[in-house]
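Structure, as structure tokens:
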């Protein structure tokens, strides 16, 4: 029930927010805020629940279309709970960042925002693959609308690109899902989309590899990993700030979550064979996107490329598939959720103030916006992996674990740490350091961060420091989930590792 | 009485169909095109009758009736269109109607 | 008292937090009190801990604050490890650090970002203490990166000038290269030995690896990469001279006394690993030697007072590496300490000179300042004597020990010794070149200036003068760390060797005297030869290392970045769009609108379909 | 009887060829009626008297009269005949004839392997009607709806 309420609060909240616009244009944001706060309260309730059978904290299973073996099956374990908590938290931040920025069609905006969040939470809890796909689409379409309606100068191109990329890859995933259900039919005589049922389906190897590839492409596009990342810079640079926050903070994580939850446990042998390639791709992602990020002059594009680069560490950790690496991947997801969201908010804040994203027109803002400078400095430093902040814990664990699985890819990825420092510091230099030239902007336009903004940046800073210095509560939540996942795939993975010699 | 091979009937239907087909392709006058269409429909009706005769069943005739109905309806609508077209363009040349080019 | 060891990093951290949160709204006196006071308090705590530690018979003490992260068998903690080595380091950091903070309260008083300065400084001290007290390599890495960050922040402290920002980024990125090598080293160590706790690692390494094993060589090489980056040794030394862009007290604290010695500390801390890989250890020695000679030659040609000191720092750290390489662990740490004293003294004195002369850095625009700046003159005199290893100053004892140890190793050790002696000769020349040019001879301008030294700036100078003179007599309690219970071995060498080592710095000073004081020899004359001109230019550029990096690394990277600004993959997808668009155009052309055309194509299609149906 | 079949077939083919070659619309229409009537004869020969009668009445009668009305309404004179002649150039015939030839060849080659004879018995009106108003009543309804739709649209289109 608790899971149902998690999702329905957002759905209903979205509808009310839309309806309330006709009363007063300021009501939707209040409604959205209330919905998110209720959501957070439910998340806290969820955190207090004890794990039941098989480590599931809460679950609900009702028949939906029994004829095709489709059920309304939601369940949450530690991993889902972490992701849901991140979603709810960033939802709050997103509402906060949209508070002053969105002034047109507010009702429909908050409707879309809340529905996206509802879709994301659905993705994080659905254990029926059909339902999973349903939520996958639910989070996609409102996001498309957010970019297409409230975006910046090139919004329809970006929105279309986002939609086509995710939709095409989603279709590949749908084919893979239907194939799995069909194979279940072949083996057990009835269709089933149930995750637990599908885990027991045994698939012969060449076929398994292709189905796994369907899932991988679906998730790798969302993640995103090179070469499926081309939608992200456009979507991010054109989306309104709240859209970027949700996109970078949460939506990208659904891809990684899908890999951990579905792609690898369903196809352990194929994934083990695929792992060296995936890790190589991850290393390439990290280095390539770091390099491209450095060359950007549009600050939002730059941050978008760094996102791809950081998500490379997640892929690397996931495909290393051992405890340290997976914990690292999850910590990176959480920490990057906060740091990237914060950086996008800062970039959005800058754009809101001076109406440009071009870094060549900026410089020396430290004098007039010292608080902003310090906050940007903090999150840039978090992004480049400074120990003591959350990103370091994630990336270090991911690399540490990945090193045990694949030396070359990990060493290559480690060089991403150098490039991360190059582009992070470059942003600081370009925007905040150097001399201020007041010919381009009026100084009064360059307001420093106000109380509301400081408030949510402080929240996110606190989160990153907590993750950086005492990540144990987060690690403990995910630990039993990972233990069971590792145990269930271990024998298969070992066999494949032995046959392909993928150990190095 | 001597019987006729089925294939002869079908080949006749084929010949008539192809003739109608040539008419449709070559003529630019829309009235001729419509007439050629009638020939083609009629040819297919003939094929059904031949089939009915082969099996001694009545279903072939029923299909022919359907084709007949179709032809009647088609001619009614087609002629209506021709009249409309002539009113608009003062010609029966189908090449004039090329507004739907891509 | 030892259980209060957690206070050491905490006190500076609290200072940082209170300064950062108030964000410059505090009055300057309060800032000074918090900034310098927190370090002073930390020094008090460190001193009390030291007394107890020495009284208790130098027993190792471990204090765990909490477990940082526990994932499977990997569970580093916020655990502090106190032994002789970390004790010496923490005393140097808090002691010298406090003196420099005290000096800064006066030196930086006019700066508008007074509070920001002290918050960075406090954060630096906290990170540095974390580094030296860490009992595992992950926590050490936290401190390691932390000091790098603070170094970046402080080099770019005056951010209005883009050159400072460039220097800061250069420092951070170049050291990050080393850090990455070190991080990979950590991964390898964890994979091979299953732990990152330093003591456990050393025990495991000793029991699992033979001397000269490939794995030991790889691990120690990777760690060496980190050490080389942080300690500005070849080939990653290029950042340190540029780092002088920051305020002078920072150069004293970070780029002379403490942070740059972190590499020395790391190697000393993991010396067992290096002993297992003799080839790498020898490499350490050669790296040190090459660096000290390179930096020595370069220092002789520089004009900027701070750059001269920066190159001399690189050179002195080269000596420490040389010492580490020949296994003279305690001598290296000893030199680290004495160097911290006299180099901090030199930098602070240089700060006084610069401060008094309105930010004049060029030594040839100074001259004859010994009357005007008596305290600075005294400081420079003593500091340079110690730097040049003048007999019975602090530098003499430590450098002597290193060179003797090098000589005693035999084989390549003699060459190492000879190189070190040559370095000492160079040190004598460049250190006194500075003294003679700045404080003697004809005066250039700035006649009416008075020395600006208040109480807060003079006191640290006096204390450091004392330490530079007498620091050689201090006994550091590190023997138990390095000798594993064995007795300290005395190096017995002939009197000739001793004589050479005493004489060479004096000869260097004498040469310097002839060139820059008496004028018996002339630089101009020397420079009139073409060969010496080329050599001068080569040395002046720091052996062209900057240009090498620029052409080898930076330019290709920039070229690649610029080339692919628009992301090759985007072009890939755009070409898909272009292809489908042109295909669509092609198909649209078939849409002629002529009924006849449609009929023909339909007929052709029908025939084709029939053909397939009939013949297949 | 088979002689009658081949005779009627000959007439049908010849008159159809005449239809597509004619330049005068009215003449073409007459030839078309001739062709339809000969097909009606074939129907009769093949034992479908009901279909033959319908062919004569509905096709050759009603539908062709519709054509005639329209041709009269359009009042296409000498001018149209000249134009027709111009349009019927040899060049325009080559491709259609080629295609049609291929098509016919395909049809014949398929059909020639089919060497069964047709049953001689006649299927009269009774059987057809019994089926038509029995199992195929739905088809009749559909046909009526189609005719109704044709009626309405023809009325609508022809209206000024």
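We call the chains A, B, C and D, going by the order they appear; numbering starts again at 1 in every chain.
The working rule: contacts are C-beta pairs under 8 Å (C-beta built on N, C-alpha and C of every residue); 3 or more make two chains touch, one makes a residue touch a chain.
Since this is a predicted model, take the numbers as computed values, not measurements.
Following the contact convention of this document, C is the list of chains adjacent to both chain A and chain D. In terms of C-beta pairs in contact, the better-connected of the chain pairs B-C and A-C is A-C. Annotation: 63 Å between the Cα-based centres of chain A and chain B. Between chain B and chain C, the centres computed from C-alpha atoms are 94 Å apart.
Chain A and chain C have CA centres that are 38 Å apart. Once the centre of each chain is set as its mean CA position, chain C and chain D turn out to be 100 Å apart. Residue positions of chain B touching 2 or more other chains: 21, 25, 28. Residues of chain C in contact with at least two other chains: 600, 603.
Viewed as a network of touching protein chains, the structure does not reduce to a path, ring, star or complete graph. Those residues of chain C lying in contact with chain D across their complex are 600, 603-604, 606-607, 610-611, 614. Taken together, the chain B residues at the contact with chain C in this complex read 21, 24-25, 28, 33, 94-95, 97-102.
By the touch criterion given at the top, residues 20, 23-24, 66-72, 74, 78, 138, 141-142, 144-146, 149, 152, 156, 159-162, 165-166, 168-169, 172-173, 176-177, 179-180, 183-184, 186-188, 190-191, 557, 560-562, 564-565, 567, 569-570, 572-573 of chain C touch chain A in their complex.
Listed in rising order, the residues of chain A touching chain C in the complex are 226-227, 229-230, 233, 291-292, 294-296, 305, 322-324, 327, 364, 366-367, 370-371, 374, 381, 386-388, 392-393, 396-397, 399-400, 403-404, 410-411, 414-415, 417-418, 421-422, 425-426, 429, 432-435, 469-472, 475, 479. Residues 587-596, 599-600, 603 of chain C are the ones that touch chain B when the two sit in their complex.
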